[in-house]
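What follows is a group of structures, each given as structure tokens.
Below, subunit A partners subunit B and then partners subunit C, in two separate complexes.
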Partner chain A sequence: MKRLLMALLIAWPAAAFAQSQCVKCHAASDDAKQKAIVKSFASDIHREKGLSCHSCHGGDPAKSDMGEAMNPEAGFTGVPSRADIPKFCGKCHSQPSFMKKYNPSLPVDQELKYSTSVHGQKRKAGDDKVAVCSDCHTAHAIRPAKDPVSSVYAKNIPQTCGRCHADAKLMAPYKIPTDQLAKYTRSVHGKALLEKGDSAAPVCNTCHGNHGAVPPGVADISQVCGMCHVNNAEFFKSSPMAEPWAKRKFHLCATCHTAHDIQHPTTQLLSSENGVCLKCHRPESKQLQVATGIKSELELVESSYAGAEKAILAAEEKGMDMAEARDLWGAARMSMYQARTTVHTFRAQDVAKIADQGIASARKAAQAALDAVTDFRNRRVGLGVATLFISLLVLALYLKMRDIESGS
Partner chain B sequence: MNELGTALLDWLDERLDIRRGIEWATHKQVPIHRWSVFYYAGGVCLFLFLLQLASGILLLMYYRVGADSSYESVRYISSKVAFGWLIRSIHSWGANIMIFCVFVHMFSVFLMKAFRKPRELTWVTGCVLLGLCMAFGFSGYLLPWNELAYFATNVGTDIIGQVPVAGHWLLKLVRGGNDVTGATLSRFFGLHVAILPALLSLTIGAHLTFVQVQGMAHADESPKTMPFFPNFFLRDVMLWLVVLNAVAVLAVFFPWELGKKAEALASAPAGIKPEWYFLSQYQFLKLLPGKVLFIPGELLGIIALNAAGLFWLLTPFWDAVVPQEKKEAAVRLVGWGGLAALLAMTIWGRFS
Partner chain C sequence: MRDFTRKDFLNLFLGGGALGLVASTVYPVLRYLLPPEQVEAEPDALKVGAVKDFAVGTSKIVKFGPKPIIVIRDVKGNFHALTATCTHLDCIVQYSKDADLVWCACHGGKYDLSGKNISGPPPRPLTQLDVRVAGGDVTVVKTA
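Moving on to the complex of A and B:
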């Protein structure tokens, strides 16, 4: 009985939708666009929740007469203009009492945030080309953001935003770059999301916001990067760089790491030949000497760490137990990461303090691995000696036995 | 023998009548025939038992039982204690080779019909020894508290729960609760280092006494014999040394791995299987359907395995009632058939 009730509850919205006069007429229409709307709405989250065409567009789905069904006096609103779409969606999505019936955890401030966004501001100023709700969410195939087929699912967001922002023709009047999508795709964040499938990797709206999308200013971006890279941001704020940075209104992170094309940082960033420090400092300056010192510390801890790993792998290949060496190697890795983070203090002694701990751990790990390999060789030598001794003993016993048996 | 040796022997003889024992050993005869080589299997089992005893005692010096300490202490033994890796590997390899030798010894005794009167009790104690060795293997397998051991013990003890009526109670008794936990580890440890060694020592004592009292069975009509001491004994010692060397080679070239620490919430590793000496039973249970008529397949399998074990244990008694003209055929059929089934199921279990 319970199963029957469940099946009825699931089937009811679909049945109600199929019986709607709007669907009957629009599905039978000669207009391919109308047919496509009916088809795409079949998988829309609103239909799943029991809503139908008239829930947004008004009208009476029970009337078969077109005039009666789509009578403006009876509440039919028809297709909203682009300018009216935020308000059109906001009829429900800005109403907490209405929305909580369907999804209590869904925010109801999207319309408000949109009005503060660049999109919303330009829309208000009469720009008809800027994005409205349906540009990102689609009009009749809306899916929740957690659904992988949704246009606003994390992995699909770069393409959704890029549809406009990578379109040079569309962006030309705004005089903004159109290479963000290409840069993001090859960035460390883009690779994590698009190649490794890490849905926790930041995507356009993680930094820019979604409904309240703004191009971040100096203050904003420092907050945005620091949300994930907490220690880096904190170290930077207490570093000697913080004050001149603020004076010159430099982007806290993007100045060195770029905005969309962020690559995995290497010690080359600190190079005295082609590093990012040269953007502001002269090669012979004191600051470059500090950078060189930091760079050599980082390179030392990285090479010690890599050397320890190689030694451990060699010992493990011989079947030696390297659990303790692995622990030391793990500690070296932790120190290496911490040292990389400490770079943002721009104080060589702070970096050296952490890096030296990593170097010491890595050296101990490498020594343990070398000792294990030596032990491995000694074991074989020992076995050889023992085998020789046992063989001689067996031979002696055999001779003794032969002696006894020949005597008897 | 030098003067000191003679004096020591005299001293002991005066108190313990030791010369009578030596005299007895010198007069004890071992039959010589084409299957004499199998007479050494029992001695190898005894030697491996002593090796297990010695290596087990050494491991006990550092092993600390407990869900938070077993794995760590075994890791410590393998990586920090001088020659700890060798002792642990010898203990693990020795256990497996010992069970193999027990099987060889058992089947050779069966096929040479050495279980017949007056050796019925020698056979029964031998079967009990096999059971105890397998219990040793099962309980010892869990002691390192690694991933494989944890899940193998889960599966192995689950079978106990299938016993009708008392199954759940027995399962709780073995596990020390509903699940395999630190309590199970403590029980298995107690079983492995106290209860089983005591039972095994007593049963070996009885088994050896029976063998000494009855002498070795003649597998054929050959009248040739050799003195047990020193002729047979020297051969025994030579073989023991070779076995010791083989165990050492295995321990050095294939040190026993420890793997990952047991984690109750982790998923079971793919393709997990019991130790080779339980593979035939495991494969047999796997082949049975969920239900045979109204009886659960697994329960039926356990009953069948126990019945087969009992039939094997009672060999001297059913053999005695088989008509004389069918005796040889019956032993050949049961012996070779049993061995073939055991091998086939083990190989099938290994590669399935």
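Moving on to the complex of A and C:
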């Protein structure tokens, strides 16, 4: 009975959709575009929830006469103009009481946020080319953001935004760069999302907002990056760099790490030959000496950590139990991460304090691994000696038996 | 003095061999009877101490089999146990008495006392374990 009820609940919107006169006529139309709309709407979330063409466009789906079905006096609104689309979708999506019936957890401030976004502001100023709801969500194949086939699913967002923002011709009047998608794709964030499948990695809307999309201002950047990189942002705020940077209106995190092309940071960023510090400081300056000191500490903890890992792997390959050494190695890794984060204090002594703990842990781990390998070698030598000893014993037994048999 | 004959040599060698054989049999038996203290198998439950060992607003990192866990007595005196490895980059988390939450010193990730990731980079929650307090002892039990 329960299964039957479930089947009916699923089948009902599909049946209602198929019986709609709108669907019958548009599916039978000679116009390929109309047919495609009917086809794509079959998998739209609105159809799944029991809504149909007339729910958005008005009209009477029970009437077979086109004039009656699409009578403006009977509420038919037809296709909205691009400028009207936010308001058109907002008819339902801005109404909490209405949305509660379908999805109580869905926000109802999208239209309001859109009006504050760069897209919304430009549209208000009469620009008809800027993005409206259907540009990102599609018009008739709308899926929830958590659905992997949705145009606004995390992994698909770079391409969705890039459809316009990577189009040089479309962006030409706005005089903004069009390389964000290419840069993001090769960035540490893009690789995490697109290559490693880490859906927690930030995409365009994580930093810029979605419905209220705006470019982060100079002062906002550390807030945006600090949402995930909490310690880095906090350390920077307390660093000697914070005040002078704020005065000069530097783009905080982006000054060293760039905005869209963010790469995995290495100690090379602190290099006195080609590091980012050289953008402002001279190679012989005191600040570069601090950077060099920090770089040396980081390199030492990194090489100690890598050396310990190599030693542990070598011991594990020989079948030795490295659980204790792994714990020490884990402690070294933790110190290494903390030391890297502490770079944002720009205080060499702070970095050194943590890095030294990591170096000590890594050395202990490496020593434990070396001891284990020595133990393994000793066991092998022991086995060899034992084998030799047993062989000689067998030989001795043989000679003894021969002596007994010969009666001597 | 009697000459050391081949027969003597063989007898000595065989006697020594017999002793070696006994030793090589007895040693593994002793090692088996006295196993190393290190326990690597993951237990279902672990007594982590007495209630009096945990002051209010403190925590303890202990090994639950091969994995570290954090046992917390929060500011209200309630016990919590969570896996102690941050889900971001495997650092060991800590309890912050002031904020009454769990945080990671590496990148500033934060979790509530049920293990849910609430701020910063951790992508997943920490695994929660049951804490049973009985007879003045605190025991952590693996959740079913």
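The working rule: the second predicted complex is superposed on the first by the 381 of 408 C-alpha atoms of A that agree within 3 Å, B and C clash if a C-alpha of one lies under 4 Å from a C-alpha of the other, contacts with A are read in each partner's own complex, and residues count from 1 in each chain.
Keep this in mind: a residue touches a chain if its C-beta (ideal position, glycine included) is under 8 Å from a C-beta of that chain, and two chains touch if they have at least 3 such contacts.
Keep in mind that what you see is a predicted model, and the values were worked out from it rather than measured.
In the superposition on chain A, A:Ile404 makes contact with subunit B only, while subunit C stays out of contact range. Applying the stated contact rule after C-alpha superposition, one finds that A:Arg333 touches subunit C and leaves subunit B untouched.
Touch criterion met: A:Leu383 reaches subunit B, while subunit C stays clear of it. In the superposition on chain A, A:Ala323 contacts both subunit B and subunit C. Of the two partner chains placed by the overlay, neither subunit B nor subunit C lies in contact with A:Tyr174. By the touch criterion stated above, A:Tyr102 is placed in contact with neither subunit B nor subunit C.
Of the two partner chains placed by the overlay, subunit B and subunit C both lie in contact with A:Leu393.
The wider contact with subunit A, measured as residues touched, comes from C rather than the other of subunit B and subunit C. On subunit A, the patch touched by subunit B and the patch touched by subunit C overlap at residues 321, 323-324, 386, 393, 397, 400.
Note for the complex: subunit A touches subunit C at residues 198, 200, 228-232, 234, 321, 323-324, 327, 330-331, 333-334, 337-338, 341, 386, 389, 392-393, 396-397, 399-400, 403, 408. Interface of subunit B with subunit A (complex): residues 75, 78-79, 85-86, 230-231, 234-235, 237-238, 241-242, 244-245, 248-249, 252, 254-255, 257-258. Within the complex formed with subunit B, the subunit A residues making contact are 319, 321, 323-324, 379-380, 382-383, 386-387, 390-391, 393-394, 397-398, 400-401, 404-405. Within the complex formed with subunit A, the residues of subunit C that make contact are 6-7, 10-11, 13-14, 17, 20-21, 24, 38, 40, 66, 68, 89-92, 105-110, 119-121, 123.
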